[in-house]
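Here's the structure, in structure tokens; my notes come after.
Letters A, B and C mark the chains as written, and numbering starts fresh at 1 in each.
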Amino acid sequence: MACVASHSALDVFDGAKDEGFRTVAVCRLGRDAIYKALPGLIDHYVDLDDYKEMLGEPVQRKLLELDSVIVPNRSMAVYVGYEGIERSLRVPVFGNRMMLRWEERTGEKNYYRMLDEAGVSRPKTFSGIYEVDRPVVLKVQEAERTQERAFIFATDGDDLRRKVRRALEAGTISEATLRSAVIEELLLGAHFNVNFFLSRVRRRLEIISVDRRIQSDLDGYLRLTARDQLELGMQPSMIEVGHEPATLRESLLSHLRDGAEGSGGVREARAAGADRALHTPADGAA
Amino acid sequence: MACVASHSALDVFDGAKDEGFRTVAVCRLGRDAIYKALPGLIDHYVDLDDYKEMLGEPVQRKLLELDSVIVPNRSMAVYVGYEGIERSLRVPVFGNRMMLRWEERTGEKNYYRMLDEAGVSRPKTFSGIYEVDRPVVLKVQEAERTQERAFIFATDGDDLRRKVRRALEAGTISEATLRSAVIEELLLGAHFNVNFFLSRVRRRLEIISVDRRIQSDLDGYLRLTARDQLELGMQPSMIEVGHEPATLRESLLSHLRDGAEGSGGVREARAAGADRALHTPADGAA
Amino acid sequence: MACVASHSALDVFDGAKDEGFRTVAVCRLGRDAIYKALPGLIDHYVDLDDYKEMLGEPVQRKLLELDSVIVPNRSMAVYVGYEGIERSLRVPVFGNRMMLRWEERTGEKNYYRMLDEAGVSRPKTFSGIYEVDRPVVLKVQEAERTQERAFIFATDGDDLRRKVRRALEAGTISEATLRSAVIEELLLGAHFNVNFFLSRVRRRLEIISVDRRIQSDLDGYLRLTARDQLELGMQPSMIEVGHEPATLRESLLSHLRDGAEGSGGVREARAAGADRALHTPADGAA
């Protein structure tokens, strides 16, 4: 069981050991300490200077010799790249490697389209401010800190227009980044991440776990009272830093399962006999 | 071990299996998918078109033949009804079935009275606005969405009077629903649900678990910054959708146990030799 | 395995039993109920009228006869006192008893200095308002409720000066308590408590668990919408009442481990062959 040593690899390796598998950590140099800290967790290390080497002949040969099956994670998708994983990787990948790029928000294959084709309801998206007829959130890359996204909440189109103008004037966003912004219907509701697994062996859809994301600085900012927040007037970032476990009401579990079971994605996967682990952010679904 | 298949029935069945019991799911048609998803969880299904059939002869006979003991849950209490459970149900019920109606907020038997008779302190309630002398929360059924409750927070009687007038004018509440409103002292503090079990066999009170409720839309609304909340100006609903696990400070655990142990309810139950599972919302108790 | 029966003693006793140790609860009279509630948890009780008796000859002799090793907790440090634990306690203490007083915020040995000497980054502290050049939080003992601390958040020095003057006029803080106030750089970010253990036997640093603190009244206050908070205008207290479990992103776990591994404290402890359990509040670290 091989995995790029990052993201949720600890979980994968821990689970693999529980099931009696031998493990291979594909590790960028200097990132092995946390895996070595747990004796007996990793059987083989494949060291890389750069994740792109994963597609090179020596690494692939090594992984094939070890009889590896790769469990893909988000780090692998991002650092190695969809193209390479789909076309150049000869090592078997657990699940359907063609699904990985559907986790993107943009492009021909994107998660909005996947949800739509599967018949799973999701927040409406708007192609422009002129279309907005309800409370929305605009998600846009910041002008200067390009790794960060700004979130602009607005009650309607006029409000959004006013706030976007203000942000442009303040320079936090730019006309250029605005072009790739997403405008999403604002759906309030409790946030849950629900982790599904479609088992080919057991011929069933499993709900593996439910958790809730913790975001920084947002989490710290929201621990200030409203008065302190307003006086400080900061704009918190929303970077995922951890999770809390949670349970869902039994009736919602039932809903989720029925929704996922009935969705085209699962039907097709069943028809195709494919195994697949879906991680669906069910934000605002409750 | 039989249970109406809803609410916390998954927990009950899972625990029953851990202890080696055979299980019976009393299931409204079409609600069995989530129980069937876990192979080996349910030994027998008793299908219903309507929960009221649970009091009918065929269902009762079936449950008795299976030698069932029913673990009651909130769904059963609400859908089957107190009267029927107390008078017409011949199947044995785990715990004291006469306690179920004490979970109501109103009526002769209500949870305020139970807490008072047990000597457990609780937020003071006021019979009218004229009595209010401190920060309070008024809980009232909404005028139009009658399944929803509106919560009006006020610093004192004058403030409450003003806000109630405003809500009446806006039409969110009505004079009619206002008559069955509850005015409760506003006690701030961390929220915990503490689950107790009074074991007749082990002759002791057990604290089984501690969790915290997640409410929708409230949870999503509170993940917005104060500025965004004020600009959007929405009034979030407070529907329970899930829970988070939590632990309590050791000194508070001790307090809780002493309070529950010393309470009249437990003393009487002990005297009567009764088994009973109490679910006490300890909101604001910390 | 002996422990002052308070704080996190339940965890210690439970863990000790898992490992097959016999347990001794050093218990102030009337505080034993919660430990007796779990049959088989405690093998011996040593009763005290006052925690200071722990340094007296009879109690020490008893603990030595039982061949005890004391696992120190915060209650023991506070109630028995650093001086006594360091000089008069003849019973072996698990870990390095000279470390206990480093958990204080003030004095020659304090946690800021420990973090600095270990090379762990932490919020900057300011010796006076005149030095403040960024958003800060001032932590000060309240004037009347002397067990409580007031927290004053400010965007810069001028803002802090204005707010301190206002609080002095309102009488919530006093010139006297202000002298021992701490002014800390305000670092926003998600809050996590990370529990480390440096194992001499396994020669490694372990991350045992990650949780997040729940504070009262703060937690209840923050469950009100911004509008309700502003209308009520209360100042919530921040008393620790419980915890929620959490997980950290794998990359942050790695960071934490590297930081802790590389820190002087761990290096020295290794050199000295010392065992030690560190509880480091990693607030704002994420």
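Heads up, the rule we're going with is that contacts are C-beta pairs under 8 Å (C-beta built on N, C-alpha and C of every residue); 3 or more make two chains touch, one makes a residue touch a chain.
Bear in mind the structure is a predicted one, so any value in this text is a computation, not a measurement.
K.L.:
What's the contact topology between the chains, one of line, ring, star, complete, other?
P.N.:
Topology of the interface graph: complete, with all chain pairs in contact.
K.L.:
Rounded to a multiple of 5, how large is the rotation, in degrees, that superposes the C-alpha trace of chain A on chain B?
P.N.:
That rotation is 120 degrees, given to the nearest 5.
K.L.:
If you average the CA atoms of chain A and of chain C, how far apart do the two points sit, in angstrom?
P.N.:
Comparing mean C-alpha positions, chain C is 35 Å from chain A.
K.L.:
Which positions in chain A are in touch with at least two other chains?
P.N.:
In chain A, the residues touching two or more other chains are 218, 221-222, 226-227, 229-230, 233, 236, 244-245.
K.L.:
Residues of chain C touching chain A in their complex?
P.N.:
Touching chain A from chain C are residues 135, 153-155, 159, 186-192, 204-206, 210, 212, 218, 221-222, 226-227, 229-230, 233, 235-236, 244-254, 257-258, 261, 284, 286.
K.L.:
In the complex of these two chains, what residues of chain A are touching chain C?
P.N.:
6-10, 31, 33-34, 37, 211, 214-234, 236, 240-245
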